[in-house]
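Can you keep this structure in mind? I'll have questions shortly.
Order of writing sets the labels: A, B, C and D. Residues in every chain begin at 1.
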Amino acid sequence: MSNRAAIYGLMHGHGAAHGSRLLAVLPHAICTAGLLAMIAHTGIGAGSRADLVLSGIVTAVWGLFVAAYVLRIWTAPEAPEQRAASAAGARVAYLLSASGWIDLMAALALPAGWLTGLPQRDAQLFAIVWAFKYIRHASGLGSLLRVLQRAFPALVSIVTVFFITLLLAATLSYVFEREAQPEAFRSIPRALWWAIVTLSTTGYGDVVPVTIWGRLLAAWVMVGGIVLFALWAGIIANAFAEELQRRHFLKTWDLVAEVPFFQTLGAAAIADIVRLVRARDVAAGTVVVREGQAGDAMYFIISGEATVMFAPGPVTLSPGAFFGEMALLFGTRRSATVVVTKPSVLLVLDIADFRVLAGQRPELVNMIEAEGRRRREANAALRDS
Amino acid sequence: MSNRAAIYGLMHGHGAAHGSRLLAVLPHAICTAGLLAMIAHTGIGAGSRADLVLSGIVTAVWGLFVAAYVLRIWTAPEAPEQRAASAAGARVAYLLSASGWIDLMAALALPAGWLTGLPQRDAQLFAIVWAFKYIRHASGLGSLLRVLQRAFPALVSIVTVFFITLLLAATLSYVFEREAQPEAFRSIPRALWWAIVTLSTTGYGDVVPVTIWGRLLAAWVMVGGIVLFALWAGIIANAFAEELQRRHFLKTWDLVAEVPFFQTLGAAAIADIVRLVRARDVAAGTVVVREGQAGDAMYFIISGEATVMFAPGPVTLSPGAFFGEMALLFGTRRSATVVVTKPSVLLVLDIADFRVLAGQRPELVNMIEAEGRRRREANAALRDS
Amino acid sequence: MSNRAAIYGLMHGHGAAHGSRLLAVLPHAICTAGLLAMIAHTGIGAGSRADLVLSGIVTAVWGLFVAAYVLRIWTAPEAPEQRAASAAGARVAYLLSASGWIDLMAALALPAGWLTGLPQRDAQLFAIVWAFKYIRHASGLGSLLRVLQRAFPALVSIVTVFFITLLLAATLSYVFEREAQPEAFRSIPRALWWAIVTLSTTGYGDVVPVTIWGRLLAAWVMVGGIVLFALWAGIIANAFAEELQRRHFLKTWDLVAEVPFFQTLGAAAIADIVRLVRARDVAAGTVVVREGQAGDAMYFIISGEATVMFAPGPVTLSPGAFFGEMALLFGTRRSATVVVTKPSVLLVLDIADFRVLAGQRPELVNMIEAEGRRRREANAALRDS
Amino acid sequence: MSNRAAIYGLMHGHGAAHGSRLLAVLPHAICTAGLLAMIAHTGIGAGSRADLVLSGIVTAVWGLFVAAYVLRIWTAPEAPEQRAASAAGARVAYLLSASGWIDLMAALALPAGWLTGLPQRDAQLFAIVWAFKYIRHASGLGSLLRVLQRAFPALVSIVTVFFITLLLAATLSYVFEREAQPEAFRSIPRALWWAIVTLSTTGYGDVVPVTIWGRLLAAWVMVGGIVLFALWAGIIANAFAEELQRRHFLKTWDLVAEVPFFQTLGAAAIADIVRLVRARDVAAGTVVVREGQAGDAMYFIISGEATVMFAPGPVTLSPGAFFGEMALLFGTRRSATVVVTKPSVLLVLDIADFRVLAGQRPELVNMIEAEGRRRREANAALRDS
């Protein structure tokens, strides 16, 4: 492996060593340290020792971000999705990606502050853009954006109604209240402040209608605000739930389609299974099924290895095998403990979903039952021998 | 029954006597008394008689909790799910269970307070952990945790966006408002207080932006807060609804699969039925169906016994039988009153669901109809004779 | 018709005359007048003329309610659902119904006030129970109660978590804030006021934490409050949507099952149709379909009569017939105007649902198409002749 | 094209020239300018130069609205949906349409203000009705109204409960608080202000209960308010989601039914496809598929043209053709870049939906696969030659 590939691996938390897991957390720890220092800095008197220390931390974090940016540009061709592209093309792709823009902003934050000529503490306020680095945590954010895009026409309608309500409320409150409260309702722009605080049901209470008409208007604005935002929220939440289902379906399909046992079934059966199972990463040594417990799920091994602790001797299960079906089929307690012996990916089929599947695809359950009976008999034969 | 088993039964509200029903409520009543005494105590002047009484009640409740903890450890082997385990294993299982930890906390609450050396009233504040004892009421809480686990990636995205919004809002408000309000916006940590109060639309009004830019920022923060929390809420609520359905399916399946009449049907038909029926515990003596009323449901007896009050003489129905189907099939009023004569579990199939089922599974309705006609003729024959 | 039946009809807004429609609105108008008088009364100085007038109105309305209560008891045997019962049984049934209790409360409101010996204005405050009379408007309220019953376990869990959060928040805020604000956080009961105002995100601002720990606690309480209530709301809303669908299904089934055209189809097809159509009451003289317009729905006549304005001469359609299907089948504009000539009930099948149905039940669309073609040819033959 | 038709086209943003796209935005820009001038006007001292300028802008915008109204009446017969009607009928139709009423209001706004005899600045406040012109943006508003209509019975129930709660809360708070706060709780109408501010969880804090009973009442009102509004919101949001699905289904059906490839399938298959695809307008020159990327969707061309950039020479695809299916079928990366060469409408079938469809309609996937294999072989043959 080249130096470049090694550095790429380090920066993206690859590799199996414990050290690299630490490296995966490190960027976020550095970012958090920089932000906390900048925030704490604003509460410290100038010229004190803490002032110098915090300012130094912010500058040091900035230095690390500049270095990371340069290294990321250099190592861009190592990215798996860029293997086919030229080195220059891979670098441009990184520079133009969302990640590239955020890294650029992070690197330019302090220089931008220095250019303003403000004192150090104020110049460092630009470091707030580092907060965008956390967006990498937000793996669901892409879904969120796609959802907003899909629900766009409905959301535009609601924003339009929101603005019309806001304008009407501000104008009417200006008419009703300006004599009673000449300062707070001096003009419509001033009245807009009251309108937004009321429409969002925040209700600071710094501006409150006192006339009877102003209060009737306020009552309508409050109720209208709740209905408008609830509508908005309901639309987004519905679309988001749909999007999450789609992502689950897509991710699980690839896993299910790899299991030889399922490949003999048609696409329709696989689609039904995909909807019902859930993938789970399991660390080596985890006890998935414990003898004597009630059975609440069965498991398919996608990758890795599991061992069934039968009395005569343990049986090793490899990818493509399944276990835990007996307790579901016969309502008995677990007849053996199953331990995962390598880091594995399992598909989990809960008992409720197993029964839904039994309704939709009886032939699949028959196949599982036949396999289960075969194994039970083999097990009994082993015990007898 | 051994002493230990008797005490276990008493402490878990088993048994049929009215006294034991009282015992089931008793722990909650004691817990509530202790908490109320502790709360009231904080409003009472020191040294008064009420002070002594309330302090005494709190200490007495603590004594009961310590005793209960010891008894629960002793009787742990009597738990039905621990029958197979050794006595020591059963006790360790209880100690490590959620229930065990809560009981331990309850027992350690006052000693922890005394160790602080604070005056009695303040030391007793630790008794607030007794509130966790109510969690046993929250049977849906396990579902809630599982839901949070499933929706985890989406929720992490939203929390990330929430924190970025909070940081940006605090920093910008600090920049916009610190000159106009040097006290409230003295530093970013101070501005964060305003930001969270606004982002959650709580709007205390103790800190309110007064500059034009501060107010425009506030408008965005309010709207953003509503959208963020609504999103969060929508995701959890959707996932929770799904989880509730799964629990209903699982619970009802076991009941439906016991009815011989359904066992002749395939798993697919049973799955359809399970989705539509609801289990109901009915006390002995309840009139489930009253002659002459409109029929809105039919009933399957899972356990217990029901009596049909036919004119020639009552007919007793045992588990596996069904009644009330005639009114649904022929749109007539109830032709006889049906009374439950032993504590029973009934499956209820509402008229709306009966018709959905009639659409999905015409053969099932034909079976019910045939049985219904047979019974009606038998009924007529009885009357004629 | 006996006097009693006539009075029963008048009081329940039966009959076809315009006068009786007025009578249907009258009770609500009287109730509103009484409540408004009582409310306005509280804002009027004692001894003035307005005082006497408003007090008189309230007493008059009470007199009417007492009279109505007596009449309702007398006419109870006229209720259609009580035809089979004895007169005494019918009266007891009314007295014990929700409606009976509300009417009793309304009649006892003022006497209860007088018994207190308070001055007239305060005694009349008991008239606020008249507000419950409006509950008759809330036809969906029964569904709401059934929904709350079904979602009960989940709601209990949330209420439990809500109370635990409230207790913890109050205790911790008492600990954090009592030194800084000895008045507002003097005891836990006082702190509870702050906790509930914050947990519901109402945020009056009369009590606001000022210490750093108090504010961190407040941030958690605000966020927790939003999540808790959103959860609660989501569960109720989901269950309510389900319940509305069931009610629609049940109501529509009876209408669909009456149409001879559908009776030849099996129960499965009818269930599919029921899910897609919506019943609509149409007044005589309404133009349902207008020649030359785009077709967005087809209609089945359940009861009443409609006339197709064909050029050669109008054609009368009676219950069981359908119209408007041509524009859906062939994508053409409406070829004739259709007017409802008697008060009718129509089943409306929107174009979107028509296409869903075409996917699920092609045979049904073929039947409609055959009938449509037959009619179109008959129409052409008429025109040619 | 007549002058009238030309003006109609200009006013409705028809035509392909860039100038007319500007014209489409112009009305909204004018409206916004007028509203902003009116709003800013209220914040300006009388008699200043800015006063005159802003007043002039408002009057000028009004002049444009009057002119637009006259022109719209004149050109009404050019509307495509009015082609069949007489000129007078078309004009009456416009005058009575929602759009006509809004335009009339906009034209009458300033004259109405002048009639009041108020000073110019106050007279111009009537211009706030111009805000309704934005409603044209809100294409989803029609759906919203239809949703409110459908959910009407449920919403009426909730409004009834809301009003009863409001009345009870006001009366009880009046009883509890009037002695402690004689000013704020002087009468029930005054107490209603507190009740609505609390029930909507706005919580201004201008009126706050101070007695123990008043605070207990407030806690119930806050919790009740959240539950009530959440219920309302949930019902609307559910109904809205349903309505959006119906609109999508309807819009997409017409596009799908035009594709010859789909026409050979039955209505049931088309309905399944319609539920899964999404229409997308694509500008000429857009790269839809890029060689070497992972395939996440396939595309059907409804109208326009696309070119596949194969190595031997580009292949042009016309409406009815599809592309991008190979990556979905074989899990390979995109084998060629596809560029849209004319403004096109594409149907997008995401990979998740493709797999759902593969489950529901295996025969359709077989057809696509056969076509894909045919094309791949043709492609290989071209490369070999």
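In this text, contacts are C-beta pairs under 8 Å (C-beta built on N, C-alpha and C of every residue); 3 or more make two chains touch, one makes a residue touch a chain.
Keep in mind that this is a model prediction, so the values were computed, not measured.
Asker: How much rotation, in degrees rounded to the nearest 5, is required to superimpose subunit A onto subunit D on the basis of Cα coordinates?
Answerer: 90
Asker: Over half shared or under half: which fits the residue numbers at the contact of copies subunit B and subunit C, same or different?
Answerer: Subunit B vs subunit C: different; shared/all numbers falls short of half.
Asker: Quick check for the class: compute each chain's Cα centroid; which one is farthest from the centroid of subunit B?
Answerer: D
Asker: Cα centroid separation between subunit C and subunit D, in whole Å?
Answerer: About 28 Å, centre to centre.
Asker: For subunit D, jot down the residues that touch at least 2 other chains.
Answerer: Answer for subunit D, listing residues that touch two or more other chains: 201-205, 230, 233-234, 237-238.
Asker: Could you pull out which subunit B residues touch subunit D in their complex?
Answerer: It is residues 202-205 of subunit B that touch subunit D.
Asker: Sort out for me which residues of subunit B touch subunit C in the complex.
Answerer: 35, 38-40, 42-43, 125, 128, 131-132, 134-135, 137-141, 143-144, 193, 196-197, 200-206, 229-230, 232-234, 236-238, 240-241, 244, 292, 350-353, 355-356, 358-360, 362, 365
Asker: Taking the complex as given, what residues does subunit C use to touch subunit B?
Answerer: 84, 151, 153-154, 156-158, 160-161, 163-164, 167-168, 170-171, 174-175, 186-190, 192, 198, 201-205, 208, 215, 218-219, 222-223, 225-227, 230-231, 233-235, 237-238, 246-247, 249-250, 253, 266-272, 274
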